[in-house]
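Input: structures, listed below.
Here come two complexes built around subunit A, the first alongside subunit B, the second alongside subunit C.
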Partner chain A sequence: MADLVNLTIDGKAVQAAPGTLVIDAAKTVGVEIPAFCYYEGLSLQAACRMCLVEVEKMPKLMTACTLPVAEGMVVRTETPQVAAARKYMLEFLLTNHPLDCPVCDKGGECELQDMTFRYGIGESRFTDEKAHTPEKQFSPVVFYDAPRCILCYRCVRICNEGLGVGALGVINRGVVSEIAPNKGDHLECDECGACIDICPVGALTSGIYRYKTRPWEMTHVGTVCTHCADGCKTTLGTRNDRILRGNNRDSSGVSDGFLCIKGRYAFDFYDHPERLTTPLARKNGKLEEVSWAEALEITARKFRENLDARGAFGVIGSNHTTNEENYYLQKFARQVLGTNHIDHHRTGDVVALFDALGEGGSAGREKLATVADLYKLKAVLILGADLALEHPLLSFQVRANYRHHRAHIYAVTPGSVREDKYSAMSIRVGAPAGSAGSGPRWEPVSGSGSADGDPSGFYHPRNAEVSTADYFAALEHLRDKLKAEPELVILFDDSFQGNDVRRLVEFGNSLGIPVRWVCLVDYSNSRGALDMGIAPELLPGYEPSGQPGMRLHEMLAAPLGALWVVGANPYEPAPGGTSPERRAGFLVVQDMFLTETARLADVVLPAASSYEKNGTFTNVTGELQRLKRAVNVMGTKPDLEIIGFIAREMGAAAALGPWAPDAVFEEIRKNVRGYDVPAPVIASGGAAQTAPLNGRIAVEAAPGLVRSEHNGLFASGTLGRYSRVLNSVLESRVGR
Partner chain B sequence: MTFSPELEARFEKLLTSYPPGRQRSALIPMLLYAQDEVGSVSDEVIDEVARRIGVTPLQVNEVLSYYTMLHRKPMGKYHVQVCTNISCLLNGGDKLWEHVCKRLDLGNKEVTEDGQISIEEVECMGACSWAPAIQVNYDFHHFVTPEKLDEILDGLRKKQ
Partner chain C sequence: MLYNEPSPLETRVLTRRFGIPNAASIDVYLATEGYQAFLKAARMKPEEIIEEVKISNLRGRGGAGFPTGMKWSFVPRSSPKPKYIVVNGDEGEPGTCKDRVLIENDPHQLIEGVLIAGLAVDAHAGYVYIRGEYRYLIEALEKAIGEAYAKGWLGKNIQGTGFDFDLYAHTGAGSYECGEESALLESLEGKRGVPRIRPPFPAVVGAFQCPTVLNNVETYCAVPAILRDGGAAFAALGLPKAGGTKMTCLSGHVNKPGVYELPLGFPVMKMINEVGGGIRGGRKLKAMIPGGSSCPVLTAAECEGATMDYDSMAGRKTMLGSGGVIILDDQTCMVKAAMRLMRFYSHESCGWCIPCREGTTWLRKILVRFHEGGGTRTDIDLIGDIAKNMLGRTFCPLGDAAAMPTIAFVEKFREEFEDHLNGKPCPYENATHLVTA
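Let's look at the complex of A and B:
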């Protein structure tokens, strides 16, 4: 490493690595240099001039955000000249700024307010009337108020660099400069709202939150997003048991502040008019509202009758209930109901991956990538998925890795993906729709990503005719390049299942470099469902159950005595098809909405969403994070509580133990392999990677059962149907 | 969108005038040349130039809206540019501007009904030594007086 540079800032001796910016070097000795446009991780702009400092032997004030440290440099940040510069910069910024702070969304958490408070001049010498332009609506979620804008370019840069979309720009010149969207008067982008979160003032505001409340009236609850498997932390701003906004205020956990439209805005399913808030029971062939006591009594009685009659039970678990709920559910199924017919909808072949990797202990830990690894490791290979649309956080990390570290990215996908724009090599696999015949079914493409900020151009893998042979042929083409990499992360989706996963792992091992793996899965706790043993062949922690058991589709087809569905919609009709026929004698469903499955049920129990409960989720990379209850919805109960109440009603509660999330989590930490994570990290909102690898998993493979929904940015399985914001974005695009 | 063979050749040369990967540097000259041929920087021109140098149409628009000599709408066949910057102003540039506005009954960047003449108040065009100066398309006229301006305008009318 190069020698450290010695300099002085405000009389304090500072040592910093060459290339460090003065603004960052100052932080290390507790000197804060104010800035609007400087933002860690983004390119430098030097637009706001707030960070001007005095440097000895330099004739003018310098911008600390672009000035690298130099040996012997003497910097002063608190001289009268610097103080005056700050005052005048703020006076300029406020020339046309409307000072509508009392009604501005940002009032109270506005950087311009804070800066004016600390460094401002108190009064302005400008006496002319302020120039005003009306606010504009860029999209269903993004509003722009030009007079409030201070032109720091943060939104432009986060969109262009962070998201790789580039939907915002600055047009015109001087005092009439303003932010402009990419399609004339509107945006066509990911609608992620990163521009709104990063705006230091109230220029960009969100359609969901604007004019709803004052920030200080809210309670801020950091929890985990309920949509995809990436597990971003979202901070829900709540007031009077209502969620008013989601943002990245709490930047703990895996995501470090990143959110897409789902995490930031798609919490709005929770108060959808169709939300179930009363239990339903079938009477004379119709579902009628009943009390919780009655619904639980019916359920417990029917379960008991089925037990006594030695009837078969089926249990279908969920991809978006907590680890605690999944663990307790499988314990209930196996210990109380005595059944091994328990399964859930699998979206990635995690079992095959763990089986193929084999190793346990610390060596095993080295084989599984974390979200942070996607930012750190030198090379990334993406197989199948359109990461930017299906796994926005992972894609964000990979993009940042390329921007900051020039990592080599390889994408082997059926359609064009955003990664093409900066990949070392991209390969299209499969045959174009309708084409027949022989010849190579893969083709390298270079640097012309067509997915430039248009998520509606989502190429659904199901529309492609791709065989794994195509993928492996493409991989052979990449072999020499990959061998030359010092290390690699491989991400693959449901294109690889069973023996194909094993073959893929063999390919990875044959490269002779350290390889870390991510098996992509769909929903917020898909990994947790498998880890907790919601599978007939597996107990929690990937212990083979050694018992026969029906899989999900077998349960639907079998004349079971009773079928218990928790947070899943197995009777959802296939695209263009019909729902499977109900065969079970007694069907009880726990869900938030009257789904196709709930409509067929004998008893429907209204469940709390993950924003209304405590517990833990395990994300796509196996990292565990804690959910915190943000609001309560009257009439609903968390699934764990419902399961516990059914146990109590059946007189089985003592055998199962307490159903408090913390108590069940402790049991999981003690009993489930790989889940002995440090409790303080989890309790304080951090993420800890679980270590489930421990040798081969001796279970029979069942290829073909794994099916990813490949939800894009504006879809989220059954849940997505009930989000107004996701639907409004889709409608706004259809209308054009 | 295709341009005349001459312009295509010019673009070809422009794209090789910069180091590899810096083709976006050709943006302003391409826009200017395209404007001369097409009459304005139309939506099609924006998309085409963006495609050729590998930037987004929004990025073209950012540059385009910054520079006053790039026009989104067609100007007249003769675009009369009157400088009112400091040297010209001291020598009566502002009077010239008032005169031309009154004479043609036009405002800044407006075009006569027949599409022949348009006027624009511009900043310094580097002719301070011969102030006040005006520019008609790419031709300079020095030491202009209101009378001389009338002659120039009459001359333009005759040329039509």
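Let's look at the complex of A and C:
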């Protein structure tokens, strides 16, 4: 590191790296320099003029947000001149700002309000008429109230620079300037709501939160988003057992403030009218509402009968229940039900990756990338996935890495992706539609900025014709470029399975540079389900089970005595197809909604969503984070509790141990390889990386079973159907 | 075309071809020593060209008066990036109309000045940025550029000198703010016309992120004369610290308004009474805005003994500015003048920074109300106070340009503000004058 620069701020000696801005240097010695337009990580504006400070030997006040530190610089932030500048800047701001704080969503957590209290003038000398324009609705989730806007351009920058979308701009000039959406009167964007969160005032408001409550009336619960595998922290604002909003203003966990539409708004499935809140049991061929006691009794009795009759059990676990639930479920299955027919919907071949990385002995976490690595490492290679649609957080990190560090990004994908705009090299694999031919098909489309993919976020444009030969041919083309990189993260999706993953790892190893890996999976705990051994081949921690066991599709096809489905919808019809026929003698389903699978069940047990329970999730990069219960939905129970009650009803509880999340987590920490993470980090809302790597995993992988749903921004498997926000966004686009 | 009769008191250097039939054509230009300065410069070393400009004491004619030779010397010649010459023809300052006549009457003089600047900083492309309202000038300029290409004074290997240069004309879209150099560059690049954070200055990071020389039309037009006759000869026309002549746009209540080329240091009263033919209708001088509306107004008393140059004006706490002299007679309402100017600034504020965007609008609202008789005694101090709160705190000089004259109007003509108090009608409402709302 270069020599530090010495300067003085308010009489305090400060040392800072060259290039540090005075506003940041001041923070290190506890001096707050107020600012609206300055936002860490975004480009500089110097528009709000709140950060004016006095600098010795400079004739005028200087903006601390654009002034780099210099040796011997003397900065003063508390002089009468500076105080006056701040005072009158706020007076200027308030001339046209409506003082509707009592009804404004932002009241109580508004930066303009806070600054006015701290630095403001107290009374207004402005007696003339304020400019007013009516409020506008930009999209189902974004509203804009121009009079409240102070034109700090944070929203414009986060959209353009942070998301790479650039859907917001400024129109008009002078005092009638305002923020405008990209399609004239409406937005066509990711609908992530980052602009709303970053707005320092109440100019941009959220379609589903506005006018619902005041910030101080809510309880703010930091938990993990239940949708995709990225594992963003979402802070749910709740009141009277209602979730009113999601954001991550405390910037905790892996996501550092980032959220997409799903994390910010799509919690709204939890109070969908079709939410199950009473157990159902099949009587005379029809599902009827029954009490919990009766439903549990039927289930336990049927399980016991099947056990006594030596009938076969099948157990299907979930991609979005907690580690504790999956661990407890497989323990129940293997120890109480004595079955190894246990599986879940696999969305990425993590097993093959760990096996390949484990070759040649023990491998550690230095081979597995974290979310933070995507921001830090010098080069990133994306294989297959349209990251911006399928893994918005990972895409955000990669983009920030390019913006801040000029990282080299390589994208080898079937369709055009957002990364093309700034990639060092983009390659399209697979045949163009309608063409025929033999041999690998790929074409470099280097950094042309010609992203013409589906901007609506409906679906990920995939080409069924892509073979891994196409990918490997493209990789060979990149080989020399990648070898020249100092380090690399490789992300791959379900395009690579089994031996193709091993071949990919060989390719990575042959580059001669440090490579870190991410195997992309779909859902909030897809990775955790594998880690917890929800697979016939594997016990928790990727220990081979050594027992034969049916896989998911085999269980559906087999005449099992009993099938137990926890948080999954295996009978979902294939697109354009029909549901598989139910073969099991007794089917019990734990779910939030009456899914295709639940409709076939003998007993349906209404489960709590992940916002209604405690536990842990492991995200796509293996980082463990804690869920905290935000609300209760009357009538439902967490899956862990349901499993525990069934065990109790069967008289098997003692063998399984307590079903409290903390107790099960302690057992996981002790027993599951890679999960011995520091408990305080998890407990305090942090993320800890798990690395369950230890040599080869001598099991036959299940090639062909791995299938990613490739959910876009506005889809989230079965859950997405019940989110009003996701549906309203989709509908708003169909209508255009 | 010419808009006024020349005055015998002028020193005609930049305007030496004005009035010659077909002066704008390349044939007339070549027949009157045209492009000879370029050929001379092409034989000189770049440092020598810059030195000659430094000797001439030429200062930027756009308003700020920065020494031109020094500005050129800031361009890093060794930079591997291409360098650009940009001509600021966004002549938007109220009271200023000199660049228009220079482009209309002698466009090749401008082209030659740009070529010499190109030689000095190793630039091979230039842009003439013309304000949106001057769109009709594009035709005249493009005709001249076409002639220059046809006769080999632009393009590849100009006149066998081995020097390549391409010149493009570009119009703005009607924003005063784009006269500010960094906003002009944003606009030139096709973006919203808002100023950039400086430093870096355009000499280092300018158009398309490349080193750029950016000067006013008049500044470039002075360059051929400097190279042709020598920097010292040009300097000798003016004052020791400010060489040459200044295009002066005399407007307002004079008998003979027009654009006159006067040497720097020309006496103000002589300019008003002899060049301008005195105050219209035999009235008395009340005030003068010396260099475009951004410059603080001078009272008649302050005009006595003043000369038209940078130092004399600075001594009177105002500026020579762009040379847009506005003469106000004794029937002019100064409240209305202040109001009219603030309407302009609040309309033209780009909206980028808070003090300018909100301050100009607030001032306009108060001044309009005040002039209509709705003012209170506290408003008078408030007007000055708001302007002072803007001063020095805005992102670019537009805020200062709005604040400085307002402060001067209130300080120097406070009694006129008081005359409007208590619902009194404007005492000058029925007077005929040029400054209209």
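Worth pointing out:
Following the convention adopted for this analysis, the second predicted complex is superposed on the first by the 713 of 736 C-alpha atoms of A that agree within 3 Å, B and C clash if a C-alpha of one lies under 4 Å from a C-alpha of the other, contacts with A are read in each partner's own complex, and residues count from 1 in each chain.
Assume a residue touches a chain if its C-beta (ideal position, glycine included) is under 8 Å from a C-beta of that chain, and two chains touch if they have at least 3 such contacts.
All of these numbers come straight from a predicted model, not from anything done at the bench.
After superposition onto subunit A, partners subunit B and subunit C are found to clash with each other.
Of the two partner chains placed by the overlay, only subunit C lies in contact with A:Thr95; subunit B stays clear of it.
In the superposed model, A:Arg173 lies in contact with both subunit B and subunit C.
Annotation for subunit A, partner touching more residues between subunit B and subunit C: C. Judged by the touch definition given at the top, the superposed model places A:Ser495 against neither subunit B nor subunit C.
Legend: residue contacts after superposition of the two complexes on their common chain; A:Ala47 is shown touching subunit C, with no touch to subunit B. In the superposition on chain A, contact of A:Thr77 is made with neither subunit B nor subunit C.
By the touch criterion defined above, A:Asp128 reaches subunit C but does not reach subunit B. Of the stretches 19-27, 55-63 or 91-99 listed for subunit C, only 91-99 runs into subunit B once the two complexes are overlaid on chain A. Overlaid on A, the two complexes show subunit B and subunit C touching the same residues of subunit A, namely 170, 172-173.
Against subunit A, in their complex, subunit C makes its touches with residues 175, 177, 192, 197, 346-355, 357-362, 365-366, 369, 382, 389, 392-395. Residues 44-49, 52, 60-61, 66, 84-85, 88-89, 91-93, 95-96, 125-126, 128-129, 131, 150-151, 170, 172-177 of subunit A are the ones that touch subunit C when the two sit in their complex.
Residues of subunit B that touch subunit A in their complex: 56-59, 61-62, 65-66.
Residues 166-173, 180-182, 452-453 of subunit A are the ones that touch subunit B when the two sit in their complex.
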